[in-house]
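These notes open a run of structures that come right after.
You will see chain A twice below: alongside chain B first, and alongside chain C after that.
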Partner chain A sequence: MKQIENIPDCGILLFKSCLVSVEYPGIESSTTYVFDKLGIDYLVSDEQSCCTGLGYYFDLFDQMSTTAVAARNFAIARKNGYNNITPMCSTCYAINKEACALLNSNDEVRSNINSVFKQAGLDDLIYEQNSLDEVDNFYHVVELFLSKAKQIGKLNTIDFSGVRVAAHHACHYYKIQSDDMIGNPNHPLLIDTIAKSCGADVVEWYEDKTLTCGAGFSQIHVNRDLSLKVTHAKLESLKEAGVELVLHMCPNCQIQYDRYQPVIEKEYGTKYDFVHMNIGQFVALALGADPEKVCGFQTHSVPLDGFLERIGVSF
Partner chain B sequence: MTYVISETLSEYDTPICDTLAETVKKSLRTSDTIGIDRCLQCGACTSSCPAARFTDYNPRTMIKRVMENDMSVIEDETIWNCFYCYTCHLRCPRNNSPTQVVQVLRQMAINKGIGLDRLKVLLEYGDTFAELGVSKIPDLYVGQMEDDFDRRWHEFKNNLDAVRSELGLGPVAVRDSGRGEIRAILEGIGLFERQEKLKQMVESESDTVDKKGQITDEAN
Partner chain C sequence: MNHSNDHVGVFICHCGGNISDIIDIRSVKQEIRSDNISTFDCEYLCSNVGQDLIKTSIYKHSLDKVIIGACTPAKHEKLFKKCVEDAQLNASMLEIANLREQCSWVHPNNLATTNKAISLLNGKIKRIQTALPLIPIQIPINPNAMVIGGGIAGINSALNLANNGIHTYLIEKEVTIGGNAAKIGKMFSPEKLAEECSMCSLSPLMNEVGSHPNITLLTYSEVENVNGSAGDFKVTIRKKPRYVKDNCMACGRCSKVCPTYVENDYNCGVKDKKAISMRFAQSVPQVYSIDPDHCIELTGGECGKCRDVCKVDAIDFEQKDEMIELDVGAIVVATGFDEYDASRKPQYGYGIFENVVTQMELARILGVNGPTLGKFARPSDNSMPHNIVMIQCVGSRDEGKSGNKYCSRYCCMAALKHASLIAKKYPDANVTICYIDIRAFGLYENYYRAVQDMGISFVRGRPAEVVQKANHNLVVKIEDTLTQELKEIPADMVVLSSAMEASSGTKQVANILNITLSEDGFVKEKHSKLKPVDTSRDGIFVCGTAQSPKDVTDTIAQSGLAAARTSAFISDKVIRRDPQIAQIERSLCNNCDECLKCPFEAISKDKIGNVDINPLVCNGCGYCTKLCSKGAISIAGYKEEQIMAEIDGVIEKGDVLAFLSREIPYATADNIGNSVAEYPANVKIVQVPTTTIITKAMIEHAFKRGSQAVLLVEEPTDNPVGSFIYPLALENFEQLKGELGKKGARLHFKKAYIPHYRGLAETFISLAQMEDIE
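After this line comes the complex of A and B, so read on.
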């Protein structure tokens, strides 16, 4: 089981995400801003590909293809000596962890993929059994922040007292490999703890805290009404709790809340008075980052101007 | 639905076995320790399932039908309501995973030509991935997002490169070493072969629909 005191702060491969890159690029710039401030030793590689998670959960990619793409990314991590694969997206986290477990435990999968590498003349990509460990080499960025929560609290420049904050912990971080999450999967508190270290007034429980965001990969596109029903239920639950800020740890969830909140307001004839941001954007802001040039809040659909003004940040 | 294939599109995701439960257990998409045989029919999955909350999808009865080798479960439209949120996977006291089982059932449905409507908009995904190394939301879905989202999103999307550059971020696409690595890997592992078979199935399905249309016309 993963222990908070064992979370590494060096050899981190900050694993890029397709949805962060094209929907909320400020999540990546905020994360590297925080890593720099905290002295975390990390690498962002322009050779690393996306994890195929969307294709996999759209029912298109098969497990072997997804695992082969993961093995290539693992080779990039090893080649550079940055073996702690650390995504900003919960699906990248779960997909990579699962691929590593398969490569270590299933001889047929490993040899099949390695023979594809050999035949393509890509011998440097070959995966040696147990060259990465599916528990000790895979982290989510939120775990690194949690391990540095005290330091973050000390460096915090913003008075968050009285700001009602709630967290949405991403399903694929704590429900898939629940033994390897930090804390209790029935009541995840990673984001809550980080927000508290910055002095925020955290709402630990709200009715639908563990309900999925509703994106459901293809569901938002193919079963749009069903998808929005789930998101609406969650937003109602957050409204009931009287929160002002909802913190996220996955770009897919953030799209579902931030981009679809105005859509739901229109279609359901309701109004929500809260804004959304990723935990990386929150910590960067707390540590003094520029809301536009680092946090990239201008890319959000729910405007943050009013909220930022309320906490004394000019935007 | 008239299109039926006897072979599997992936011997690893949907191995051909004597029973549904065996296929589920041997599939690479499910955990080695999956507790389908240990299911107590307690309903913890259904009571925590977001799809069950709003639709007729019922993971408890879905699992029961798989255990009883009821092949009609593959054709049950409600299996397409699962969100893959893994709440059932977390809540199950017997280490069963209805969400993993549904992934296998959907692949078995696809083998039979069911659910191709969903897949046909995704058939360029593999090529885009091979070329750029990133997942791209299919154009049809992006069109829907364009309709749904307001000007803030449109402005941002039109200026994505400039925004990324201001944030100090490089290009979205992967830098390839010149070896065409991702394409070579996907080719070797058989993804394009799978994609080609799916394309043929989609085309064959639309032919069938066309023929039916013609017959109807003639009958009229």
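After this line comes the complex of A and C, so read on.
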């Protein structure tokens, strides 16, 4: 089981995410901003490809192709000596971890994929059993922040006291990989702890805290009404709890909340007074990052101007 | 040492034809008879006539040693040992050749059977020439017992022991005995379909404990340390200060004048108790105690009001911890359970919403001596709840890491009981039980049916979440998995059936006693079916919820058994152990400490640095004999020279020698005979403690004598010895095979299972045939 004291701060491959890059590039610039401030030894590699998670959950890619792509990305991590694969997206986290477990435990899968590499003349991609460990080499960025929560609290420049914050932890982090999450999967508190270290007034439990965001990958497109019904229920609970800021750890959830909140307001004839941020954006902001150039808040659908003004940040 | 001039008597049993129809006893006798070997035969050696023949012949012919050729030693070894002891011979002056299960029954149509019988007897004759008299190990047992934990399990155990005439110390960490059972207002009775007052059952038992001449009750006391071993435990108890002397009359004047209210954990933490109090009215002993964390005087202030009103001068603010030393022969662990902390499932709102309680708390709320004095009221506003929803399996049957995988066994019935109590007393109330499965095993099904007939609602499904709405009212969100509908059940009060978990006291005591816990943290029994109250250490027994989750009925049954086992153990007065265990020749020992690798932890160093073998722990497996490069350790009765001598007598050219470990493998070979299966007569069996004692010299000796193949058969891994020994035996086999070089190909290894006797017979056959080809 993962222990918070064993979370590494060196050899980190900050795993790029397609949804982060396309939808909220500020998450990545915020994360590297924080990593630099915290002195974390990390690498961002342009050789790395998408984890295929989106394609996988849309039923476009099968497990074998997904695992082969993962093996290719693992080879990049190994080649550069940055073996601790650390995504900003919970789907990248779960997909990579699962692929690694398969490559380590299933001889048939490993030899099939390695033979494809050999046939294509890509011998440098060949995966050797247990060259990565599915527990010890895979982290989510939020875990690194959690392990540095005290330091983050000390470096914090913003007075968050009285700001009601709630967290939405990502299903692919604490449900799919529940055995390897830090804490109690019935009561995830990673984001809450980080926000608390910055002095925020955290709502630790609210109705539907562990309910999904509703995105469900293809569901928002093929089952739009059901998908938005779930999101609506969750937004109502957050409203009931009197929250001002919702923190996320997965770009997919953030899209569902931030992009669709105005849609739900229109379709359900309601109004919500809270804004959304990724935990990386929150910590970067707390550590003094520029809200536009680093955090990229201008890319959000729910405008943050009012909120930032309330906490004394000019935007 | 050679005793070849000793007079040996060989007795051969006909077994009513079972042996004599196949084996030509006359030629056997002729073949082995010599100047100092006399031979006898008898229709049934195990009969009175046969036993008399053995005893009188020992006197008449001045026999020094006795060989018996009969059925397996597993059957009558004890009887024949008694015969020779009656005739003033040491029991190790007896050897039994297995002429039935491993000879006549397995080779019924074989002319070689008689020859095999001769060789088996020859083996025993040669072996016994090297035998030395062994003294049976006897260790006196202290006649006192100790029961740890004064809940209903400990109370019942202690009373059973005391009534059996055994002086028993009962140790309880709280200020009174009673445990969790004292918190439950009512217990259900499946046969009467009714609920009965639990204190009315428990209180008389508690009083009996308090006044029993054979029970020394130590409350507010904890076991600090335990040394020694079965029969002779040295126990240190820490008795905490009550600040009230035992002459307290329990008049209650002190409590009336005490100005400080404290949380009452007996009543769900309600502040209805004074800093000087009794836990509950029926407490045993009837002595008040002071809460040192809240008493004004003991926290540095000035008060002393209780001291001023006490008429018997019982208040003593100067009391200190007292250390008590006890000597006991046996220990019963009855350390009970803790309730699962339901706040680990925040989705059910425990610790967040006031009106979410556990079944244990509901039991207090419904109890007439509870926080509401029997009024059925919910915590937020003291109003009577009309809609009550119970959630089953909170922390039980849960694969996730915030719960326990096991079923807690008591909670289905506890929920039914409380539902029934509420429905009977408050007919307007609606009780809904959300369940996965209702486990009302055995006769409890009748009670379940009766509760269903009362109009209690059952919804099958595990609720997703409990949500609080206006006025502290709750809603339980659930999918009814029978109708596949999502439901939102309104509730004024939600009751969680929290799991039973191994108590912190259980873990603490297990650590002190060095007994094994199961994966789930309960005390592990030696064998779930055959030894359900024995722990991993001799002389220490377990019962009640310290062993696994269970209800009061099962707890009473099991605690009675633990008392019976303890009583039987103590009544023996001495522990007798077969002398066939490890023995050390200190003059050969060079203190290399290799033998300390004993997998059963039987070997340690004594205070002056000498190797010390604990006769109560050593099972004579023999693993240590291979670890000792100096030959200082041997197994009594199984010295290398004794096994070599037996090989000498048994093995002829072309034979297969099978070394069988003495428990499962030997019994499996007997089972071949019992099951009328066959194998060739050139397969010869020599019993050993385990195959870890087999040396290269023994195998080479067998090969030199003409043996074509040697087979080692070991205890299976699911046997208490085999679980440790099997991998070591396999390692020994592989090492021997390597050392033997080319000849290693003729050495084989196998494990045995009693029902799979055919597998062993087939191995015997294939090894015997292999030689035919060669």
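Going forward, the second predicted complex is superposed on the first by the 315 of 315 C-alpha atoms of A that agree within 3 Å, B and C clash if a C-alpha of one lies under 4 Å from a C-alpha of the other, contacts with A are read in each partner's own complex, and residues count from 1 in each chain.
Please note the rule applied: a contact is a pair of C-beta atoms (placed from the backbone, for glycine too) under 8 Å apart; a residue touches a chain by one contact, two chains touch by 3 or more.
From a predicted model like this one, the values you see are computed outputs, not experimental measurements.
Once the two structures are superposed, chain B and chain C can be ranked by residues of chain A touched, with B on top.
Judged by the touch definition given at the top, the superposed model places A:Thr210 against both chain B and chain C.
Contact with both chain B and chain C is seen for A:Ser178 once the two complexes are overlaid on the shared chain.
Applying the stated touch rule to the two superposed structures, the overlap between the chain B and chain C interfaces on chain A comprises residues 178, 185-186, 210. Interface residues of chain A facing chain B in the complex, by the touch rule stated above, are 18, 21-22, 25-26, 28-29, 32, 46-50, 52-55, 57-65, 68-69, 72, 102, 105-106, 109, 112-113, 116-117, 119-122, 125, 171-172, 174-176, 178, 185-186, 210-212, 214-219, 221-224, 226, 229-230, 233, 259-260, 262-263, 292-294, 296, 298-301, 303. Residues of chain A that touch chain C in their complex: 1, 178-179, 184-187, 204-205, 207-210.
Residues of chain C touching chain A in their complex: 344-347, 352, 400-402, 465, 467. Contacts from chain B toward chain A in the complex involve residues 9-10, 12-13, 27-29, 32, 50-51, 53-55, 80-87, 89-90, 103, 106-107, 110, 115, 118-119, 122, 125-126, 129, 133-138, 140-141, 144-145, 148-150, 152-153, 156, 160, 163-164, 166-172, 174-177, 179, 181-182, 184-191, 194.
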